[in-house]
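Presented below is the structure to which this report refers.
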Amino acid sequence: MNKGQLILSLIVTVLLVSCDSGNSTSLSAKSIIYCSEGSPASFNPQTITSGTSIDATSNQLYDRLLSFNPGDNDIKPALAKSWHVTRDGKMITFYLRKNVEFHQTEYFTPTRTFNADDVLFSFNRILDQNHEFNSVAGVQYPFFQSVNFSSLVYEVEKINEYTVRFKLNHSDSSFLSNLASDYSVIISAEYGKQLSQINLHHNIDLLPIGTGPFKLKEYRAGSFIRYYPHENYWREKVKIEQLIFDITPSNTSRLTKLLTGACDVIAYPIATEQIQKYSNLTLDAVTSLNVGYLGFNTQKPPFDNKLVRKAIAFAINKKAIIETIYAGKADMAKSILPKSSWAYDDSASEQVYSVETARILLHEAGYPNGFTMNIWAMPVQRAYNPDALTMAKLIQADLQKIGITVKIISGYEWEVFLNMVRLGEHQSVLLGWSADHPDPDNFLTPILSCDSAGKGSNNTQWCNKDFDQLLKDALQTANINQRKKYYAQALAIVAEEVPLLPIAHSKRYQARSTDVKGKLLNAFGGIDFRKVSKN
Amino acid sequence: MLTFTLRRINLLLITIFLLTLVSFSLNFLFPGDPLVNLSGRINPTPEQLLILSEQYQHNANFFIQYWTYLQHIFKGELGVSMASRLPINSEIINLLPATIELSMTALIIAMCIGIPIGFIAAINHKKITDNIILTIAMLGYSVPVFWLALVAILVFSIQLNWLPSAGQISLLYEIKHVTGIQFIDILLSDSEYKWQAFQNASSHIILPACVVALAPGTLFIRLARTAMLDVLETGYIRAAKAKGLSFTQIIYRHAIRNALINVIRHVGLQFANLMTLAMVTEVIFNWPGIGRWLIESIYQRDYTAIQAGLLVLSSFIFIVHILTDFIYAALNPLARDSKHGT
Amino acid sequence: MNLLDIRNLSIELQTTNKSILAVDHVSLSMKEGEVRGLVGESGSGKSLLAQAIIGVLDERWHVHADRFHWRGKDLLRLSPEERKSIISQDVAMIFQEPMSCLDPTTTIGEQLAEAVDTEQLSGYFWQKNQQRKSAAIKLLHKVGIKHHDQCIKSYPHQLTEALCQRVMIAMALAKRPMLLIADEPTAAMETTNQGQIFRLLASLNQLKNMSILLISHDLENVTHWTNNITVMYSGQFVEAGTTKQIFTEPYHPYTRALLDSSPKANIELSAKSRLTTLPGSIPILQHLPIGCRLGPRCPRAQQACVKAPKVINYHGHQVSCHFSLKDTY
Amino acid sequence: MARNRIYQEEEFPSPLVQSWHYFRQNKVVMFGFGSFVFLFLLAIFSPVLTPYSSFENNLDHLLVPPAWDVNGDVSFLLGTDNLGRDMLSRLMHGASLTFGLSFVVVIISLLIGVFIGSISALTTGIKSIFLNHFLDVILSIPSLLLAIIIVAILGPGLGNTLWAIVLVLIPQFVHITKNAVKDEFSKDYVLASRLDGANSFRILSYSIFPNIIEKIIRQATLAQSAAILDIAALGFLGLGAPIPLPEWGAMLSNGLDLFYIAPWTVYLPGLAILFSVVATNLVGEGMRHALKQSKEN
């Protein structure tokens, strides 16, 4: 009877499950599963800004010419052995490392090692509008656009096989930091040539080839990424045999997976106090330069009116938000810049919470009876905003007091969300910014400059010429005190115009099983699995 | 049997026709421009729209549009997903097998456990066993499935640490995607960890499948109980008793078969219910199936995906429906010959 | 010796709040080779009585009897299992609607083969299937079905009602029973088929000396085929005697009324006159009158009828009535 | 001749009263019925009864566990959620959203469904074939999926969810009414009144509806338990009630992130849903049983 067979096979299955042999532990001992919070939009950090994509790609697949020293955030050599900056700051020469191998994968086999051609290819793709890879599949370079890279760099010149020179139009004090940031990765010119021959240009961002410690084995959209170690990596060899990104957008699922051992490391854990109670788990925290803010779409009414924005700024109880959302562990943001930035200005006046002032301002703005607005709450956890939805609910309750009805919009997938916000679908949005390098310019330029409005990371669509000019001036001087002054002025404009309301600066958290050894989090940019190991 | 088959195939065709009609009309019902929805892009270029308009005969009359839509469907072109920018048919081919795997396992669990329990309840009619079984059944189909899933995870994954809480298989195992049905793929693969992978996949399916199976299982208990009670009251059971067959003989030879046939008639209807549960369960258990994908598509307002998902899922349910009809007919001589299908 | 001897058998229906005496102290006896008719209106408890004899009532029904002897053995002293095995060995029953008494999902052949007694077969187990099959075919021949091949492969719904009844009889014959209980075997049949079935039963009685208890609501029809008749009304025993006694000299007013209501039996009936009938109808189980249940309808009822009458035996002609018609003849 | 009444006087109560008589006998069913009435009253009067506002954030009392916990606070009997809102008040308010609205939904779909169903039972030919197939198709689509599609068309939100569920439930009522009416129509008493010259409408309203009303009520209880589960499921998936509303499913999904710190935010709404569905099912079950019994006798 076939029912009997069914029952029998079920029993066999159950038996098989129960007598789990020890062999699988050896497999898990050689692998790291990282539960990430979202899918990468692209495998090339040049083309993205989202931290999720950076986490998944930048440090794993690629190297940059320069890197940051983990201790003091100084710039140190990476693919460039050394470099030289002319006195006027307009010419920078990089001397490249030899015998650096690119990934060998199912889709590409390199015939030569890394050289100046790769550097030229990587940067000309961004700089040269007519480069064949410039607008493959409609990509943009939001980070580079936001720092105005193409108007800064006049030319990238190949001196010899292992020497390149960047010629700048004007000096820029954040230039080296930008090259050390997660976005300025080096991709393979040879791979580009191969793709252009078979006319599959768009694969350059989907099937990545880099020099980094891992290479892509398999990616299933929305599900997982599997990396294998790069056998011929130029630095210290990787100690694990597999690195898997398990894409788990749900906060609870990530924690559950950590607790059940399905993940070794998870991004942005919830219930952090709870995690500390488990002896086999550790909670890592790293001070990260970031800001979480409520951005207004200054192109859409009623937020084209400065007074409305100000009214809302007064109406929001930031202290309650810090207590509720960050469990009191974050700094309340006075301005965009966090305390740890050298340009931080303590003397700036603090935004006070005053429902009365808010009402008056709203009255002045011509909305005595309030209005209806939407808040787009980011769907993922980030250090600067661990729970945007709840934050939106708090703001909803706050604004109710001054007669504003808030609709909360959430549920979009992260990349779609960013895309929609970039297109200006929102009226206001809860977002934030994590610095890619310690230079204060990396805060102000990407999120508020005219150049990044609408295409980069400036989601307020705000464009203020005076503000932009101050930022430009600050970049062209190397004098720290002078720069501080410029930034203070710029921040004063922001405080007056309120294109966004900074809310908090917080640490970045991560939880992992105690089996996992090695440093994973950097102060800047994404997670790094290069040195990780497991017992 | 031939007429029966023809009738069923006829029914299937009509239903699929109606389904495509419903799905096609969604084009006009969904918010936004149908062409933009089809393009799979949030802001498609005018050239792309022009090409699409050409492809789907967008300026022609309703019938021609529908005809082109049908042609596209039969070519397997279901459009491009707005969220992932991948062609939807390839996504569905990737995801549907996982859903089939989960729902079929759940169906088997529900039937293998629910039906015998229902029979036991019927045999012990109006005794304590019957009452206990009925109470459990009542609770079983009242539990909201998402809550049950959460509690199951908390108990079996977190506290007891018996079973994994998410996914189809531990990602440690690298199994090549061939059929999409994990167990078959594992058997086809040549990984050295094949058997560990098999065990791992089995342990992963138990919890979600049981969660999905609970409500249909309890319904099967009730169906089987009623069917068995009805059968036990029939003349042929009395005749069999008069023949001198023992109680167990009667149950095994006559009662079970007849009661089972009546239960199987309802399996098709239950399957739609089961799929609903599977959709929600997939979300909670991170099961890489079509239900989770469909719900995420709604978050993304990915209308093309919703449309295609609806079409594929309902056709699948209907095909299962028809298949159970065939099984019913194969088991029941009465249904085979009747001129008018049930 | 009596084949079957039952004294004062009662059947009670247990419902949630009360119990209903559906069959009230009925006695019945059968001799070997006898064909006895059990007659009464629908709902008079004939089928219940038959099912109680064969032991197929479910647990809602409670059966008591003062005496229940089968071929001299007191069945009441045996355990239910032993009783069941004896009864099922020697007694067979065919039911009212043959179609519904055959498993619709099993072929006739299988059901017949199942009824064949294992003890009648010799040989090894692999031969048994074949033997069962040939036994089944023989049984079909016995009941006059010649095209056994087709019949064996058929499902019940593919056969006619009369054929099904033959199959039922064949099945009943499989055990070679001493007693065959036929519960309205021709209930829903054409007259021609009815005749066939009755003739088949009669020939079985003559050739195999098989006793038959023929249950029917049609007194007049039964008289052609039976030696003796027992009449029941509303779960109570009314009258028993030879067919001739019952037909010509009924002692009980009810039997009289039954005969009077039949035009054939009532030979003196003048043309175009009314048939005599009893007023009212058979009471429903929930509201049974006390004492003689015919009381409210009986033309001869008197005060004494509120007590149940005793059975009086006049040379084998038993009647249960306070005011029997014996003296009127 | 004056006849004595020999049988006890038979009192034949109307079918509904008779069913109620049988219904009342089962204690478990009566418990379910009591709970049902309780929920119904709660749904109506919850705005008056709630001890706190179910929207107001109380940031001084975040995640207070239920009163029986060591850290619990008696003034928040069932604890508070991550915004300091009283769980008890929210659950009570949720009763009028999840349970109360499901009731409204069922009533609306019942009226529409019975209307269409009785009309379609009277039609024959190609129209009825088309309708049959169309119903089959709709019934073969899982109700939640269908509701999801309709929500996708109308856009998320509580009102749209309700319309979606109404639309999903209608075919079930149409189906059951149509079959019941057709069954009744083939019975002899209908033929008799037809021979008396009654028209179809009259037969429907005077002869058929009183006889099928119980079937429809039973279907309504089934539909209501399905509606509760669907409203909650859509709320859980974030497609139903908008954010501050304490719909039970939405509350549950809100509690999801607090699963490990504040499990009561997940348990309590789940139990509330379970309780209301069990109560509804018990009522339906009792009704089915009562119907069966009154038919048997």
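In this document, chain identifiers A, B, C and D correspond to the written order of the chains, with residue numbering beginning at 1 in each.
Everything that follows uses one rule, which is that contacts are C-beta pairs under 8 Å (C-beta built on N, C-alpha and C of every residue); 3 or more make two chains touch, one makes a residue touch a chain.
No experiment lies behind these values; they were computed from the predicted model shown.
By number of C-beta pairs in contact, B-C leads over the other of B-C and A-D. Relative to chain B, the most remote chain by averaged C-alpha coordinates is C.
With centres defined as mean CA coordinates, chain C is found 91 Å away from chain A. Annotation: 52 Å between the Cα-based centres of chain B and chain C.
One simple way to say how far apart two chains are is to compare their mean CA positions; for chain A and chain D this gives 48 Å. Residue positions of chain B touching 2 or more other chains: 299.
The set of chain C residues touching two or more other chains is empty.
Residues of chain A in contact with two or more other chains: 250, 411. Residues 42-43, 82-84, 86, 94, 108-109, 112, 153, 157-158, 161, 164-167, 170-174, 177, 193, 195-196, 198-200, 202-203, 206, 286, 288, 293, 296, 299-300 of chain B are the ones that touch chain A when the two sit in their complex. Considering their complex, residues 55-57, 59, 62, 82-83, 156, 238, 242-244, 256-261 of chain D touch chain A. In the complex of the two chains, the chain A residues touching chain D come out as 250-252, 255, 270-271, 273-274, 320, 323-324, 387, 389-390, 392-394, 396-397, 407-408, 410-411.
Residues of chain C touching chain B in their complex: 51, 54-56, 84-85, 87-89, 92-93, 95, 97, 100-106, 114-115, 155, 157-158, 168, 171, 174-175. Contacts from chain B toward chain D in the complex involve residues 11, 14-15, 18-19, 22, 26, 29-31, 138-139, 141-147, 150-151, 154, 269, 272-273, 275-276, 279-280, 283, 294-295, 298-299, 301, 303, 306, 310, 313-314, 317-318, 321.
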